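Below, each structure is written out as structure tokens.
First chain A sits with chain B, and in the next complex the same chain sits with chain C.
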Partner chain A sequence: MSFLIDEGRNIQHLLMGNEAIVRGALEAGVNVAAGYPGTPSSEIIETLSKVARDRNLYVEWSTNEKVAVEVAAAASFAGLRSLCVMKQNGVNVASDFLLHLASSGTRGGMVLVTCDDPGALSSVNEGESRLFAQILEIPLLEPGDFQEAKDIIPWAFALSEKIRNVVMVRSVTRLSHGSGNVRFGSLPGTSAQAEFVCHGPLLDPETGPIISMILAAPELQHGPQQEKLKKAAGIFETCPFNTYQGPDEPELLIVTASICSLYSREAVRILGLEDRVGILKLAATWPLPERLVKKHLAAAKRILFVEEVVPTLEDHVKVIAAEAAGEIGAKTFYGKKSGHLPSVGELNPDLVLDALARIFPAAAGTRPAASPGGVTDIPQRFTPARGMTFCPGCPHRASYWSIHNALALDGRGGFVCGDIGCYVMGTLPAGFSTVKTLHCMGSGSGVASGFGKLRSFGMDQPVVAVCGDSTFFHAAMPALANAIHQRSPFTMILLDNRGTAMTGFQPHPGSPTNVLGDEAPALDMEKICRSMGAKVEISDPFDLVKTREKLNRLLEYGEGAKVLILRQACALSPEKRGQRKYEVSVDAERCRGENCGCSRLCTRIFGCPGLVWDREKEVSRIDEMICAGCGVCADICPAGAIVRKEVAR
Partner chain B sequence: MNHFGSGELETAVIQSELCIGCGACVRLCPYFDSYRGKTALLFPCAVEKGRCFAYCPKIEVDLDAITRFLHGKPYDGNPLGHHRGIFIARAGEKVRKQSFQAGGTVTALMVYAFRSGNIRGAVLTNRKGLLPEPRFVTRSADVYRASLSKYTAAPTLSALNEALDKGHGNLGVVGTPCQVTAVSQMRMNPMDKPGFKDPTALVVGLFCTWALDFRRFETFLAGEVPLEKIVKIDIPPPPAQVLEVYLEDGKREFPLDRIRPLVPDTCGYCPDMTAEFADVSVGVLEGRGDRNTLIVRTERGERIAREAEEKGFLVLEEMPRENLEHLQWAAGNKKKRGFLRSREAGKVNGEPGKTLFRLAPECLDGVFQDR
Partner chain C sequence: MNPKALVRDPFSVIVTGVGGQGNVLASRLLGDMLAAKGYFVTIGETFGASQRGGSVMSHIRISSKSAWSPQIPRGKADVIVSLEPVEAVRVLREYGNPGVVLLSNTRPIYPVGVIRGELEYPSLDALREAVARILPGARFIDGTEQAIALGNAILTNIVMLGALNRLAVLPFEREDFRQAVGRRVASKQVPVNLMAFDKGYGLAG
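Presenting the complex of A and B:
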């Protein structure tokens, strides 16, 4: 049994931020949780699924984030407490429904947890979900440490029920994936009764239907929605997670939130500025508690904003300052706009230190000499400089090899529209730089569908889209439907590696099990594509010759959308892990190395980390510790020098 | 010799649309491959001086060096190339009766060369549908299957590279003039490989005014005839100006004016109509579609042709002088056109690595002044 459902009050546990969020949800008595995997959010649903039976929860990995919010909303409509979880890009996907949900309102407490990824450590962009809270006109909370990550969740549920609307809680990578001590609270009972009361009058929030307004009467719904937001702002004035630390009249006021509050404290401490600098750490960041903010602004002349990604705190606090200027006087502001802090990428204590040192030049001398390149530089200096690449034995490397070669042989300037998954690396030499467009989930196929229709403008380049199995269900199916219906002649390549590999093998609608590990109907992508009307081929990407041939034939096949399913489980999949199919070795006698006839194809171009170039002997060899035993490299070696022997079982 | 690598080959030949797709750079290494008549560089190779560049007949072809290597004298611009004799030829009674392009001389020579042990393997060109297919064969029975001309350029020499990689020697090769040029460059051991031995024993060249681009030809024909019913394609010698497509159930003719646009641009730079660097060259006898013109060029070519005649594989007749006039005129014309075009593009004795041909300037002048 997981310690996360430990009854004991007041005991401390070392928790990852995402686990703290889970414990918070459990203490809040959450009943239903749904999400779509995405780093850094994935552990929340996974961890909840492990205690689902014990705590009588319904937990699911949904097909996409929009569906996840819809599933969670249903629970709320039926009076339960529900949680939906995603990474920031997921909020984009869910935003359509969210906009309507925010206007229809909720019943049981409903909390949307989004884990943002400043610095885009595992994302294709460092999108910003805080701005959504404004667009959606819903309250936003940002925990500043691990204890708060837990404590803020029950508080958010309570708030949601008070204002009858969804509440957004935003974490960031360093909080979700960092760990700290968390003191537990108590767990409620596990019985819950669901009923959707919906037969009352149209506009009755307690008993009526829950609809997004159908009449041109914004005052009926938008008005009440804004009232809810005002109510939240009032509650935020006394939110226990907004804290201030420092002198009554600081020389500089730092306004910060989230993980940046830790960086701020650290920097102030290192420079010994505790008596001169005050830190207003806000957890309720939209709508801002105006009175609280004004009070602190009044006490300081200079203000520094410490926040990541888009300067939203900065903007909103400045508005308050402007409105209150007559009362509190003019202020000097530092932050992203003044250039004291960078406007892209993650922050860290060093960057805050730099900003403080510019504002307090005299204090800069107290900066410890021990960190010349900065505190956070150290780990980076010890990580080897190596290009990003696919794992040893990864089917994507083999797939891209064949895609690249098929397009090169086809010779009409064909290209690949990329999509989201490990296979984004198709843009890099790891994937032979085959991918030429890359945006969001499902967009590869949509963009390809559009390219396919440009033939009438003289574009005869073959168009290919890659798409993972999970991405297929998430958002690529509508694009495929579009392409088929519009007769767009593109080739969709389904990189079917049997799971949502990038984020840790969460099941998707094509999987035979659900998040609890129970048997679930697996949707058959091949049948789906066929019945949608596509011409479908299947190949094992490890069979390089057949895969290339099939793809070339599809590229030539003129009309309509075509699908090539490349099926091979991920090298890290549970079914493959630690199991080598082949014992692979290089015959040094036959290896042509750098000579005419090879020019180190395996180590220079193919690039599996399992192959290494022996500079001294001028031959390639297998690094047995790394080689996953897929044996694909034996098929690319022109000299037959890479030898594979099936491992006896 | 100016010698470079795959990168220069790709820019100066493939990207400049000079590549004819002969296959000389294919299967030497994993970098070049051929697909439906087109050669592509798959990945950049880091070797600075490669065989691909050295063998390619569309870059840095040193005509003097080749002629010296084959005949011990410089290139002189003779329209028909260096030769020891010219004959009217056809297959003899020892050769199985079947469909040949013309007199079956090529098939007859190859079959004999196998039977006599002169060659142990042959590099030929079959077809799969309309697509020409390089073939390495080791039995005379397989020579018959490769008969008939495929009028599209073919990556035939990839099969030669494959055979050499496997260590085969004593090979017969049948190819168009550009292919034969590539073969002669291979035979010269441009990489100075120690212990190198000429792997060829008989190189048979085909006359060629131009070849067709496979992809364009296929698209064209697909709109005209059922491709799977084609049994033979022919371009009868002048004065006819047609391409004939024999179908299982009839024949279609297309005026050459409709076919010429399907010729790749690179053929316009080519100065060689009669495969001057072969041991023997074979074309269709003008005025007699069932006979061949056979040009004998080297000692070993002459020996094998004579033996084949003696053993009943080949029937040879002296070629009357006056019959040669038109051939000479046509070959001379192609030579002038090819050199003129190449010179205009700065590709005769031009920049290293970007030049098509090298030859003595006086000789070039001679070609232009001829007649």
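Presenting the complex of A and C:
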């Protein structure tokens, strides 16, 4: 049994931020949770699924984030408490439904947890979900530490029920993936009864249908929605997670939120400014509690904003200051707009130290030395950079090898439109720099569908899109439907590695099991593509010869969309982990090294971490600690020096 | 529970290595052991894209008074435990100081640039010399060799925790480790983890 459902009130555990959010949801008596995997959010649904049976929860990995919010909303409509979870990019996907949900309102408490990734540590952008709260006109809460990550969730559910609307809680990577001490509260009972009461009058919020249908009468729904937001702003004035630490009349007021509050506190302590600088840590960040903010603004002349990523608190607080200027006087503001803090990337204590040192030059002397004892004098040659690459035995390396070679052989300047997954590394030498466009989930196939129609403008470059199996269901199917209907001649390559691999093998609609590990109907991508009207081929990417043949055939094959499914499980998948298909070795007699003329194709170009160049002997060799035994390299060596032998089972 | 006062508060530890070496487990075990003693512990780490062959780092802040930021300011590490020698230097350059306790595994994991022949991996002797100029007391041990002898290179992280225990810079005992590891790994894996811990303890003697 997971310690996360420990009944003991007041006991303490070291929890990851995402686990704290889970415990908070359990203490709130959540009934239904849905999400789509995405770093740094994935552990929330995964952890909930592990206690689902014990706590009478329904938990699912939905096909995409929009569906996840819809599934969670249904539970709320039926009077239950529901949670939906996604990374920041997911909010973009879900935003269409969310906008309408915010208009229709909810019944049972509904909380949307979004995990942003300032610095894009595991993302293709560092886009912000905070701005969505403003667009959607819903309240936003941002926990400032691990204890609050738990405590704020039941509070958010209660707020959602008070205003009958969805409430957004925003975490960030350093909170979601960090860990800290969390003191538990008590768990409620697990019984729950669902019923959708919907046969009352059209606009009755308690018994009527739940609809978003303004139809030239915005006062009917948009008006009440804004009243809800005003009510939330009132409640936010006394939100227990807004805190102030510092003197009554600070020389500088730091206004901060989320994990940045810890960076601020540390920087203030390092410079010994505790008696001169106050820290207003806001957890309720949209709509801002105006009276509270005004009170603190009145007490200080200088204000520093510490937040990630774009100036949002900064903008909103400045509006309050402008409106109250007659009452509270003029202020000097420091933050992203003044250049004291960057508006790109994540923050850390050092960046806050830099900003404070500029504002308090006299205190800057207490800063720690930039290179204590000359540590930065250690020559950089001792720290060769670790570039990103595919894992040893990764099917994507083999797939890109074939795609790259097929396009090179074709000779018409063909290219690949990329998509989201580990295979984003197709843009790098790891994937032979094959990928030439990369944006969001499913967009590779949509962009490729558009490229395919540019033939009438004289473009004859072959167009290929890559797409993972989970991405296919998430967002690429509409793009494929479009391409087929519009007769766009592109080749979609489905990199089917049997799960949502990058985020930790979560199941998707093509998987034979669901999040609980129970058997579930697996949708067959091959049949789907065929029935949509695409010509479909399947190959094992580890079989370089057959893959190349099929790819060449598809590239040459006439009009319309074509699909090549390259099926091979991820090297880290539970089914493969620790199992080698082949023992691979290099025959040092046959490896001609630098004299071969291959220009060290295996180590220099193919670049699998399992193959190393032996500088002394000037031949390649296998690093047996790292080699995953896929055997693909044996087929790329022109001298036949790499030998594979099937491992007996 | 009132924990013992620390030499410095907060006390800041970095566990570093290459994605896949068990960095996260080592930092969680340390965190669990210290939280159980009543300390405030904050662990800052990132995983996800970084696990694929990249440098990884966990920042562990320990305090008897309050929670600290999940990122250690530059130059402020008190202990660096590295599962890979080049990563020890990388962290030392950014977070080290002449007072830091450095414990590193000696087994290299070559970056992809080195495999390709674009970059050169430094010789271990030269690396140790460069570190010793700043930290004469830095410890380098072949933790991976011991782990392989126990049947699995992945135990290197535990060997290093045992060695760290011997250096006596953090308030935890073998018994604390036994309890913490029992909560994080399958029960049949506990004995081999304890053996790895003891091997590390022996190596750092």
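Throughout what follows, the second predicted complex is superposed on the first by the 632 of 649 C-alpha atoms of A that agree within 3 Å, B and C clash if a C-alpha of one lies under 4 Å from a C-alpha of the other, contacts with A are read in each partner's own complex, and residues count from 1 in each chain.
Rule of thumb we're sticking to: a contact is a pair of C-beta atoms (placed from the backbone, for glycine too) under 8 Å apart; a residue touches a chain by one contact, two chains touch by 3 or more.
Computed from a predicted structure; not experimentally measured.
Asker: For A:G278, decide between first (touching chain B), second (touching chain C), both and neither.
Answerer: Neither partner.
Asker: When the two structures are overlaid on chain A, which partner does A:N552 contact: first (chain B), second (chain C), both, or neither?
Answerer: The first partner, chain B, only.
Asker: Could you tell me if A:L601 is touching chain B, chain C, both of them or neither one (first, second, both, neither)?
Answerer: first
Asker: Taking the superposition on A as described, I'd like to know which of chain B and chain C A:G444 touches: first, second, both or neither.
Answerer: neither
Asker: Looking at the overlay, what does A:F432 touch: chain B (first), chain C (second), both, or neither?
Answerer: first
Asker: In the superposed arrangement, which partner chain does A:G468 touch: chain B (first), chain C (second), both, or neither?
Answerer: neither
Asker: See if chain A has more residues touched by chain B or by chain C, and give me that chain.
Answerer: Per-residue touch count on chain A favours C.
Asker: According to the stated criteria, A:G178 is in contact with first (chain B), second (chain C), both, or neither; which is it?
Answerer: Only chain C; A:G178 stays clear of chain B.
Asker: Between chain B and chain C, whom does A:D410 touch in the aligned arrangement: first, second, both, or neither?
Answerer: Once the two structures are laid over each other on A, A:D410 reaches chain B alone.
Asker: Share the list of chain A residues that count as touching for chain B in one structure and for chain C in the other.
Answerer: Common to the two interfaces on chain A: residues 600, 604.
Asker: Contact residues on chain A for chain B in the complex?
Answerer: 404-405, 408-411, 432, 552, 594-601, 604-605, 636, 638
Asker: Enumerate the contact residues on chain A facing chain C in the complex.
Answerer: Of all residues in chain A, those touching chain C are 3, 12-14, 39-40, 121-122, 145-147, 173-175, 177-181, 259, 262-263, 265-267, 270, 348-350, 353, 368-376, 378-379, 381-391, 422, 429-430, 502-503, 600, 603-604, 607, 609, 611-613, 623, 625-626.
Asker: Which part of chain C faces chain A closely enough to touch in the complex?
Answerer: Interface residues on the chain C side: 18, 28, 31-32, 35, 40-50, 52-55, 67-76, 86, 89-90, 92-94, 96-98, 109-117, 119-122, 126-127, 130-131, 134, 153, 183.
Asker: How about chain B: which of its residues touch chain A in the complex?
Answerer: 28-31, 33-36, 38, 40-43, 45-47, 49-51, 191
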